[in-house]
Amino acid sequence: MTYTFKIFDQIYKITLEEEEGQLRVELDGGSYAVDFQKIEDNLYSFLIDGKSSTMGVFRKGKKVQVFLDGDLYELEAVSEREQRKTSHIVSGIQEIKSPMPSRVVKVLKGEGDEVALDEGLIVVEAMKMESELKSPIAGKVKSVMVKEGDAVELGTVLLVVSSE
Amino acid sequence: MFKKVLIANRGEIAVRIIRACREMGISTVAVYSDADRRSLHVALADEAYHIGGSAPAESYLNKERIIEAAKKSGAEAIHPGFGFLSENDSFADMCEKSGIVFIGPSPEAIRLMGDKITARKIAHDVKVPLVPGSDGAVSDVEASVIAAEIGYPVMIKASAGGGGKGMRLVRSKDDFESSLRMARSEARSAFGDDSVFVERFIERPRHIEIQIIADAEGNTLYLFERECSIQRRHQKVIEEAPSSAISSRTRKKMGEVAVRIAKAVKYKCAGTIEFIMDQSQNFYFLEMNTRVQVEHPVTEMITGFDIVKWMIRIAAGENLPFKQKNIVMKGHALECRVYAENPETNFLPSPGVIEYLRTPSGPGIRDDSSIYNGSEITPFYDPMLSKLVTWADTREAAIKKMESALREYIVLGVKTNIGFLIRTMGDDEFRKGKIDTGFIERHPELLKPSAAGTEKALIAAALSMSSSERTDTQSQKPASNWKLFGRRSGVSRSPSL
Amino acid sequence: MFKKVLIANRGEIAVRIIRACREMGISTVAVYSDADRRSLHVALADEAYHIGGSAPAESYLNKERIIEAAKKSGAEAIHPGFGFLSENDSFADMCEKSGIVFIGPSPEAIRLMGDKITARKIAHDVKVPLVPGSDGAVSDVEASVIAAEIGYPVMIKASAGGGGKGMRLVRSKDDFESSLRMARSEARSAFGDDSVFVERFIERPRHIEIQIIADAEGNTLYLFERECSIQRRHQKVIEEAPSSAISSRTRKKMGEVAVRIAKAVKYKCAGTIEFIMDQSQNFYFLEMNTRVQVEHPVTEMITGFDIVKWMIRIAAGENLPFKQKNIVMKGHALECRVYAENPETNFLPSPGVIEYLRTPSGPGIRDDSSIYNGSEITPFYDPMLSKLVTWADTREAAIKKMESALREYIVLGVKTNIGFLIRTMGDDEFRKGKIDTGFIERHPELLKPSAAGTEKALIAAALSMSSSERTDTQSQKPASNWKLFGRRSGVSRSPSL
Amino acid sequence: MTYTFKIFDQIYKITLEEEEGQLRVELDGGSYAVDFQKIEDNLYSFLIDGKSSTMGVFRKGKKVQVFLDGDLYELEAVSEREQRKTSHIVSGIQEIKSPMPSRVVKVLKGEGDEVALDEGLIVVEAMKMESELKSPIAGKVKSVMVKEGDAVELGTVLLVVSSE
């Protein structure tokens, strides 16, 4: 079985096969013997060619997060077609989402306001720390979904900015 | 000695204080907000009282409810920890008036040092060098004039501030106005006071602070320095003792200066005098923290002196049996603050439930933490999970021990800065001690996962894809090895996740 | 220095050695049996090799497989830990012949000290006092004659023994025969050799041992004593350093005697000379352990000396840069061995899966352990879960710290001796240091749960009965507090389990 | 609701009731306000009249084990009738069971052998440690279920001794 993943904007092909009861992996021209054991939900001990690693593995659809040595690696399974797509062009309509559960401290721009690239749009606060969210494009504020004082969840759309 | 002490705090510092009390035979009383019923400080205290809602203003800043809990429980003293009410002179005053000992300095000392402008005057009076800047709180117009006078870059700081809140570095005139607005807004919401002052920013400064301790008789000792130059968003992330940047002559000079400031306010308790130091060991007074410091463990590790226990003893009327010459340091200690945050998105907090936790331990490892398997990081409070501390005979050995210990840490359920800390331990400049408060800004490459783990992550990801249909049957814990006795080898080499 | 070291052991000592290597920049190779694939030493090592079945004879005692793993991995040295092959001279010999450094003394030194009768002769030659007894291995008939000669109580001990295996105390002639049979049988199955010897039993003896370390040039230092008098089934349970029973004069005398014995066999490595001491500080040589000791951490805590790292450095050819006068001790350290066992049934092991684990941490706490959430205690090996170590400035403070730390320990899934350890820390005789190897026998009340928790346990039990029908819906983790924001108070006061 | 438990050979009655949304417990003449929260499966944080305890709770039928401060308390729910029973008389037929998974090292008595109270019957080994199981009564060995070298599970009946 062969899988294709994108990580750090690179595409990798990886093949799993069983050989005499031993799992083998082909990756980037190399071949590895893999042994693994479940430790707890989502946590596994791996021996890859005898090298030991403990990894957390979280899968949601095509996205896989792997915890290893204090880092969370984000991988995405990609199809042949997707492999040919280049990275997104940052333009068009952009939704500004709350990066975490937080409270809206100040809305800096109103509907119809012009904004420059990297100009501040809104200030949110979580855990006693304020963060200013900036515009990823130059354009106009299309709509403002929240007002000062609102409590918002992770991923709530706060504003929409348009480059047109 | 007190029979019962209330701890008016939460998180790891509440746990630290509760442990000290338990070891001293003192009963402990915890207080908790709605969000903290399952927190470790509630579990470890002998008694616990609910004091209100999850927002700090409704609970840990609610003076009346805390005093009420102290009276109800019969606690004779209150330890405020850090943050919250620890530097609130009116709370210290209320305690006194209610016949409860406030484990800290006098309300007067808190008041004097709590206002940064007054503190600078006091320091100036006892001939301690100060960074050039405005002489006090300034209006928007004054601020911009003074900034222009002393020259960019300048710092804007909240008069009532601390912990990096309401603080902004401004590198050019263009950014001054928006930074000033942000600083005031943060100051207002954090301290209820939006006064700010302005001062010169020192290039490549190091943050060095001196731990002092003083008893009621005025015996005032310094427990050497801590270097806290590795900061993000003006908050310390990695601290160490001793500093590799100062000579023993500078150490002694800073210690004596710190003692002079403490004595000027008849200080009684543990406290910290913070300095900013340039690359030629010139140091300037920044502020005094009239409470226990987050990073106090590194001082404890090199001196064997238990700062929290001595705060309690001094508050109970004991005097220090040591002289300055009895305080000696040995080896080197390092502290890493493990945060639930994402270094890749400018250290945004990452609340959640700790789904799995495995912590490092062993020789020379100290983990001051308040998390456990199943505990929850809520968005209401500081996202610090743990202070991982290592001690070894040299700085190099302490760094290697820290790196190794961080690699043992497993935290699932929230994002953490552990990977960033590991890379920092391996950084050449850091290893050489070439650090200053701009270190993290200068090293954006430390924020991202290293590509070194890519192959392993790919293998794990591929296995998780191959096993999708079997997830449910595999989600139980493995059977006991004893039961698997006979069919062991098949299990040990299972070819799919 | 070595680039790669193989650790021929498992459990916490393998973890301890792996950590030392990691911190020294040495790659580590673990070996594991069928039962140990999920063990912590496998997870923490850089590489791991499967060496056979769960029974020790099939894996950790399998010399050929271990040497093979070392060659395959390219390890330059093998650290044997304790137990298993650590005192096996033929294994040390095999390593040498395979061009692999054995991190330990010479095969000759192991051989000389491994046979207790030879060891006694060597000690006698360098004028070290010995307990009266048989001069060597004895037949059943000789044994009973000698026992009668030296007078009851007598001890029967395996010639090849260690760790309490094949050892029996006999208080009267009537029990001699059956005890002798048991001792021989244990000795045969543990060491493949059923020779035993007999010696006088000293009333209320203390077990005191001296840690020594020696390099290839013959620099031999003593790192003071450890007191290990609290034993069950002749195995140590609680150890401390220093001993509260000896004067500094005795300490020096014992240290010098220990160095003399080590020098007599040209000893090179860390090692321990065990003594039995009567109530008047008369001490007699018992045996020498030619390896790292389970209880080495207490010595590390009071000296700041890393014994495991120095074993590795000495094996790699480094010499000790210290003199005896550089070794100073500070404070007091205590070690409690946390076992998966049931003190109420004569400490029978209790294997199982660790369903939930919360370990103590904080200042002065060191936890040398190999368990984690979800790990498994198999019936194949020693049931030790962890060595909990505390350090404080005085013995009293170290005991209080230990008691407090033990109360923080939560282990679900297996029975442990934690309650017994807590009660021992609170015992008046123990606190006063009035201890000897008969302490546990004299205090059967420490083995049973204290009635103090009865009311709490009843409340918990009643709640569990009342909630039986709802168990399934309640078995999920509580939702995030964030999500419960609005309906918090209802949850916080849920009236049934 | 009232429950009756036996612990340390003593009988206790305990009553649970809800009062204004607060759980109250009546026990041994005392009354306590109880608040508790689940930490993980089988682990709970209790506040009993404001006093904090973390307890593990394991129930199997009428038996409840409670982990508290390093100890495992063993409780048994008892009915009215059982409360009147006195403790078992140690006589009649006694089964000698394996106290843990172990290996039989030596069978010391055969079928029909006479045994004294506390006389050794069998030696088992687990985790490299030998234990001799002794007879709880004086009498005769009725049957021997195992032989030397057998691996036995926890609770396996090894021998039966009879006082008749």
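Order as written gives the chain letters A, B, C and D; numbering starts at 1 within each chain.
The working rule: a contact is a pair of C-beta atoms (placed from the backbone, for glycine too) under 8 Å apart; a residue touches a chain by one contact, two chains touch by 3 or more.
If you're wondering where the values come from, they're calculated on a predicted model, not measured in any experiment.
Pairs A-B and B-D differ in how many C-beta pairs touch across them, and the larger number is found at A-B.
Separation between the centroids of chain A and chain D, computed from CA atoms only, is 52 Å.
Chain B has its Cα centroid 29 Å from the Cα centroid of chain A.
Centroids of chain B and chain C (each the mean of its C-alpha atoms) stand 36 Å apart.
Computed from the mean C-alpha positions, the centre of chain B lies at a distance of 47 Å from the centre of chain D. Annotation for chain D: residues touching 2 or more other chains are 35, 37, 40, 43, 54, 101. The multi-chain contact residues of chain C, meaning those touching 2 or more other chains, are 37-38, 44, 351, 356, 372-374, 379, 407, 477-478, 482, 492. The list of touching chain pairs reads A-B, A-C, B-C, B-D, C-D. On the side of chain C, the complex with chain D involves touching residues 56, 165, 178, 182, 185-186, 189-190, 233, 345-346, 348-351, 355-356, 379-383, 406-407, 409-412, 415-422, 449-451, 453-466, 468, 474-475, 477-478, 492-497.
Considering their complex, residues 15-16, 19, 22-25, 34-35, 37-38, 44, 50, 54, 297, 300, 304, 306, 330-331, 351-353, 356-359, 361-369, 372-374, 376, 378-379, 392-393, 397, 400-401, 404, 407-408, 477-478, 480-482, 485, 488-489, 492 of chain B touch chain C. For chain C in complex with chain A, the residues that touch the partner chain are 30, 37-38, 42-49, 73, 372-374, 482. Interface residues of chain A facing chain C in the complex, by the touch rule stated above, are 35, 37, 39-40, 43, 45, 47, 50-52, 54, 101. Listing the residues of chain D that touch chain C in their complex gives 1, 3, 5, 7-8, 12, 14, 16, 18, 21-23, 25, 27-28, 30, 32, 34-38, 40-44, 46, 48, 53-59, 64, 66-73, 75, 77, 99-102, 105-106, 120, 123, 125-132.
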